Structure formats: structure tokens, C-alpha cells
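By written order: A, B, C and D. Residues from 1 in each chain.
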């Protein structure tokens, strides 16, 4: 087997898993879910890092650096704001 | 990345997925779940087929053929008996 | 142990952390730790990526991270909870643009066809997500008009854009060295994102955002295929699934199909005349106070108006005073009350309402008939009994909170204006309904001062 | 499109079908179709494997399939529902042996170390699963004595076997061409499977089977790593997860830890004397009939004795007659009633009891106090109130069905003998309990003939 099929496998499994897990998130937490998902989508930073570090100084590297910056906003901002929101949720103390 | 890591990914995702899905099977269906899982474990037939078909007539081929036979018992027997059991489960007709 | 195995293991761990984090989001008690687990996964993934042997120059990387990280931190610290919808829209657009850039940067003259296809996909999806989210942001933050922008020939323009995208993408895959094709695809993707979102009304933006959120996940997946990276695929799929599920939930709760949201509006059906019997009975804060004082069971049902009036803190005060007065107080939260899913929960949580007091629609409805007073605060559509009673109503069939089952209903709003769906609300004319007109925060303030004196 | 891509896609589809099938097992209404979907996945996987270009000779394959398939079909058609536990045990052993053979056959002198490790794992796990399951089969089907076989020095022998396995495996990985190491590992794995299961009592076999079921999944996973095949990994993980979850459920429902099941038994704690107050009140079928006739709400709680007596069909007859007589009849099923999880459900479903009449413990307990007559049929431990009342009882804390809350309880069993856990049951001495002694099928037969005359 070559790489593409492994990737398809991983895609299929993650999609199934995503649906199972997200269907369990209660309505109360849908806003944090949305901003948390946003933070996770900053994973493109991982791809961008390799492209921004080639040291060639060419267009690809500049594009990569831009992607790193944009994805970092997403990651840092997304996790922080989600944390801030979730920090509000408290159980009634008895 | 080489093959082994893809396989680890697939392993991790399937284990998570398996837990999510099986936790949802109601107690009523635990016996069919057990025999159905048994049938699925006959998947080794897939591995055995390639080994039994090398045409070399050597030990490996005989072992493969034995594995095909054993796994086939599992597959055919497992799915049939599960089907028989599940066939019993009926909703009350009103 | 070769480095590639370490990289691989690191990515497996990171993906596992994302999955675990998501699992922990399943309950308010573990959600915050879940978010941290997910963040830890991101950290692992990025550290592993930084250790990649192919990297020779860290200046661009560090520069990008510092700039982006600072902006993100500042925005996250300062944004008001009531502006969450537009913030999510904006961040979403950034995620899309990052995928666009990664796809673009991953392009090399000797890429295989399969890789080229995934590159085009990540550029396309990323581009549409970028401009679509920016328009959504503009409409939500009211920087752009929130109306639907429709012009004649729109369909034709859109068809041409789609044709151009398909053609450009095909040519690009066949000849990736010709940058004209590439720029055409990028440009048209950006235009398409705008075209798709402008005809949709401002109030439908949450659905759009959620859909675009799902797209940004798919763009990350496509980028993962392009650069052969599993962790992008796993994380992207999780985001994709999340967006799709939230979109479905919203559509279901509004009793509309996704295509209805995207391609039309309520406009076409809202101008019918409904005969409503009964009369409007306004009430003063004074009189409302006497009734509330005697109530032993109160249900508070907030809606978009509570967010507009920023009334969440005074609502919490009211609930405290009622509880001190011996009443049992619960909050009934409709899944699409407000302007994004879960909007009300975040606002009330911010005002220190414990989450076990926030009941979902299905929990609060069965006990509504034992409630003495239901207080509707700036909610309209989500408590509209027409959804249950008037078969010809455009929202007929939409699940609502049945406040009319309570002994008395107070409705706090400024006027008789209709809500987001633009339809009349027979609730206001019911025998047991009293209208407490005025800004929600002010009206509540009066009740609070009467109760606490 | 190269063939390897087709193979890959085929395996993706097959895995998707397994997952979907498992998802559909989540509800009795879709479970049967789910099993077919899963079987379709197996078909796809096998067809894809058969199309593999490396295959030059189909005779061995076809031969193996025909022989195995026929045996499987005959067994599946003829096995009685009451013998399901032993059949699952037997099939499980076969699955293990198939993994053992695949691992062995996959061995080639030039295998990489990683591959060798996975080969050893699949041989080891497969071997232990094989003999362990066979012993479990023997104990369950009473072909072997079902007692615990313990001898002095057992620990020492076991330790030596484990040492031998670890050493043999290490030597084998270092020098795979030396068949002595290989045969040592195979032999010791088979011995170890026996040694592990013989000291466990016959009645604990369901836990053992479920654990071994999980192992057979892990063996398939290991084989998947050995021959680099994703579909084995996915399917194996699903099986592994299923076995582990069922094991956990059983242990929890028995209020015992897994290590307690595997390494000790109830024996050590069961010989304490409990003071039980009250006296035994036997009842005749005649008198029981009069009470039943007047009952308007009946709960039937079956246990292992119903399986032994093969009484499921006459139970169904009784329930029909009671319903015809105007009573409401429900079945209360404890998760570990009988000798495998879900055992009672299958037997009652076979006797045409609709599944919506089969209530789980948590559903039936809250309504037990409005039940006129609870009929306990060959159940003992799962209705033992000592689990709630007697803190010193070994089953204290185990969730049970609270039949004593019903107005009257009939207990149908042959004697005052204790159940599987070997402890006294205070239920039999309660004020509202009546013992209807005799074989369950016969006692029920008498009730049925009285009710129908």
C-alpha cells in the first residue's frame, strides 16, 4: 500500500470519531466547542512551520511565515478565549 | 514518515472509536455483540489469504491455508449465529 | 530509533490529546481541563514540527509565531462575551487563510497529480473560508450592513465564478508551473467566498460561520493530504465534524433546511397575515414585583435581547433575590436562543449562574406547568407558540420553550417588534401573558431594587 | 489507478462497513441489519485480499475457505441458544489459532526487527487465546470439570513459563532463523493459556472468554502490524475494545475487580456465617395461581436457572396468559443474569418476548414498588438483597434487582442451594417472599395450565 491509502484510512476513522465525540457535547457548551474547534483548526501551523523553515528565502518561505502567523493567532487566541469562557462555567456550590 | 507510524495512528483512532461505539451497545444486545465481535476477529482470514496463495507449497503456505480454514469458521459461523440470534429480537407489534 | 519515528509518535500523541480533549468537552465539569488537554496536544504537535530536521532557519517561524501569538492573546483577553459570534467568525477566516497559504507554499514544480489536487482543494476551501468569514464578521459586528445583498444576474455571476474555478483548477493541475492558473484560482476562490455570503441575512450568519468552521477543518485536511501529515488530517476532520454537527443542530432548531438558510431567507414567507385573538396586557414593574414576590417557582427564559441589553448580570441578581425569597429558580435555554449555539449559556455562566441551573429545552418543558412565573427576557422566536399551534406559520414544527404553560408569563422587551424570524408572536396576546415593556436591563433593574428593598 | 490504490480503497470501505455495522448494533431495531453490514465489510475485505496480485495459487485458499465455511455454517445453524457461552469460547479459540498461524506464516528470514516483534506478539497472543479458550470451552460445556484446578507450586511453574516465553521471544527476535526458539515460544504460549485458565472456576468463564475475545482482537492487530495491513488493525481494535468493555461491565456488575476474578475466587470469603432472620414460606403452585390471578402488575426476573431448565418458552406462555388476564407484565433483566452478558435477553427473544418488554435493571428498579407480584425464575445472586443490606457480604455494593420491593415475591428454584457466588440469600426469608420449589419449567408449567383452564 502507498501513503495515500493510509491517509484515507486516517481520514475515515477521524471523521467517524469526530461525529461520535461531538454528538456528545451538551448544548450548554456549544459556544466553547465552536471556539475550541477554531483553535484546533490552527493545526495548519504544523504544516506551515516546515515550509517557513526551509531557509531559502523564496516565496514559499514567506508564504509559510504568513501561514505560521495567521495560524498562531488562531491557536493562541482560540485556546485562550475558550479557556476564558469555560472558566465561567461553575457548578452550584452547596 | 514511514509505515509503522501510520499504523500506530490507525491503531489509536480505531481503539478510541471502538470504545465510543461499543459503549453505546445496550445490555440487551451484549451476547450478539460478543459473537459478532468474534466474527469480526475472523478478519485474520484477509492476512491468511495472501500467505496461502504464494504457490510455493512450503510450510508458510500450509500454515496460511490452515489459518484461512480456521478464520473462515469464525467468519461464517460468527455472522450466521449472530444473525440467528438477532432474528429473535422483535418489537412488540401493536 | 530514527527521527521520523519520533515525529510519528509525537503526532500520534498529539492527535490522541486532541481526541481526549474533545471527549472531555462532553461535560461542563471536565470541559476546561479538556480544552487544556487539547492545547497540550497542539503544543506537542508544534514542538514535534519544530524538531523536524528539514528546518534550517527558525527566524521566519519564530517571527510568525510571536506576531500571531501576541495578536491572538490580546484579542482573546479583551473580547467581550457578547461579541463571541463575530470573534469566532474572524478567527475562522484566519484559519482559512492559513490553509490557503500552506497549500500555496507546498506547491513545487515536481508535485504529483494527487498532491496537486489536494493543494488546489486546500487553496480553494481556504480562500472561500477566508472571504466568507470576513463578510460574516462584517455583518455580525455591523461593520457591514447586515441585510441581504441581492442583485439581478447574481445567479449568472455565481455560475461564471464556479465555472472559472473548475476550469482554472483543472488547468492548474495539468500545468502547475503556469502561475496565471494559480492566481486565477486564488482570486476566484476569494470572490466566491464573498458572493456566497452576501445574499444571506445577518441573523443567519451563525449557520454560515459554523459551516465555514467546518470548511476550515476540511481545508486543514486537504493541506494534510498535500504535505502528507496525519495530524492535520485528524485535527481537520474533528473540526469538520464539529462544524457540520453544529450546523445541523441550528437548522433543526430553526426548523429550516440548510439550503433554505443558504439560498433564501424568511423574507419570502413572512408577509402573511395571521389572525391573533386576545389583547395585549402591559404590566408595570411594580405590579410585576407583587406577583414575583408570591411566586414559589420561577423559570427564566433568555433570548437575544438579553445579549443586546447586556442584562446577564442583573438577571443573576434577580435570580439570587428570588431564591433568597424562597422561590426555586431555573433557566430554560433554547438551543438557538441568541445568535450562536450556546450563546445564552456563556453569558449566564459569565454572570456566575451555575451550569446545573441552566436547563435545556427538553428538561424545562415538562416541568413548565408547575411554574408560577416564567420570565421571558428578550426572547421572541424561541418562545413563539405559533410553532406548535399555527400550522401555516413558517416556524411551525420548530421546537420551542412552552412558557405559556406556566401560570403567569412576563415578557420583557422594548416594543411589539417581531424577532429574528420576522413573524408575529401569539404569546403576547395570551390570557396569562403580561408585557413588561422597556430595555431588559432597566426593567430588571427596577424589579431587583423593589425585591431588595 | 494502480491496483494497490484499489486494494487500499477496498480496505477503507471494508473498515467503514465494520464501523457502521457496529454503530447499528447500538439499537435492537437496527442490530440485525448492522450485522449484515459488518458481514458485507468482511466480504469486501476478503474479495479485495483475493484480488491481490501476489496470489498465484488459489487451491489452498479455496480449500481452506470451503472447509472452514462449511464447519462454521453447520455449527451456527445447529447450536442451541442455551449453549451460546461455550460456542463463543470455541470460536474465540479458533480466531486465536488463526492469528498464531498467520504470524508464523508471515515469518521470513529477512523480516525487520519491528516486524519480528509483531510476529512474536501475534503468535503469543494467538497461542494463549487458543488454549485458554479451549479450557474455557471445556469448563463451560462440562466436558472438563468446572472446578478450580490448583496445585502446589503453581505460581512457580507459571513464573518459569513466563520467563521462558520472554527469553524465547527475545532470542527469536535476535535470531529468527533458529526454529528452536520459535517452537519454544509457540509451545510455551500454548502451555501458558492452559495454566492461566485452569485455576479459574467454571462460573467465571464468561469473564475469561470476554477477556480472551479482546485478546483475539489484539492478536489480529499484531498480525496486521506484522503483514502491514490496516484493515486487520481496525477490525482487531474494534474487537479488542468490545472484549475489554464487556469484561469491565461484568466485573462491575459482580462488584469484583478483574484481578480478583482472575487470581482468586469467591471461595475465600464465602464461608462466613450470616445471621438471617425470618422463616422460609413455601407455596404450592395452586396457591401461587390464586395470587397471580389477582395481580394487575407482574415483573418476571429470570436468572441462570431459567437457562438450565430451558424454561424460556413456558415463561413466555405464562406472560401471555397473565396479559390476557389483564395484568401488565415486564421482564427485569440484570446485566449479568445467567452465564454471559445479555444471556437472558437472547433466550427470551428466542421465545418471542418483544425486546421493549425486556427492561434493564435501572428501568425496572424504580417501578418495583408498584408491582404486585415479582416472579424470580432461577435467579439468585442477581436478586440478593444482601448486596444492599449486609455490609459484610462479599457481594455488598453489587447492584441488584430489588424484587423485595414488590408486594409479593415468588422464587422458583429447586432447593435452598445458593447461586454462583455461593452465599446465602436473605430474600428467601423475607415476609413477602414465597418459595415455589421445583424445576422452573415444571413449576411454570403448572401455573400455565391453571391459568389457561
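As a convention for this text, a contact is a pair of C-beta atoms (placed from the backbone, for glycine too) under 8 Å apart; a residue touches a chain by one contact, two chains touch by 3 or more.
Everything numeric in this text was worked out from a predicted model, so none of it was measured.
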Original post:
Which chain has its C-alpha centre farthest away from the C-alpha centre of subunit A?
Top reply: D
Subject >> Centre distance in Å when subunit A and subunit C are each reduced to the mean of their C-alpha atoms >> reply: 17
Subject >> Centre-of-Cα separation between subunit D and subunit C, whole angstrom >> reply: 46
Original post:
Measuring from the mean C-alpha position of subunit A to the mean C-alpha position of subunit D, what distance in angstrom results?
Top reply: 41
Subject >> Multi-chain contact sites of subunit C, meaning residues that touch two or more partners >> reply: 19, 228, 230, 234
Original post:
At which residue positions does subunit A touch at least two other chains?
Top reply: 3-4, 6, 9-10, 13-14, 16-17, 21
Original post:
All pairs of touching chains?
Top reply: A-B, A-C, A-D, B-C, B-D
Original post:
Where on subunit B does subunit A make contact in their complex?
Top reply: 3, 6, 9-10, 13-14, 16-17, 20-21
Subject >> Partner subunit A, residues of subunit C touching it in the complex >> reply: 18-19, 21-23, 25-29, 31-32, 35-36, 38-39, 42, 45-46, 48-50, 52, 54-58, 60-61, 63-65, 67-69, 71-73, 75-77, 79, 81, 84, 87-88, 91-92, 94-95, 97-99, 101-102, 104-108, 114, 209-210, 213, 216-217, 219-221, 223-243, 245-246, 249, 333, 335, 340-343, 345-346, 349-350, 352, 354-358, 360
Subject >> Of subunit C, residues touching subunit B in the complex >> reply: 4-5, 7-9, 11-12, 15-16, 19, 228, 230, 234
Subject >> Touch list for subunit B against partner subunit C, complex >> reply: 1-2, 4-6, 8-9, 12-13, 16
**OP:** Mind listing the subunit A positions that touch subunit C in their complex?
**Re:** 3-4, 6-7, 10-11, 14-15, 17-19, 21-55, 59-93
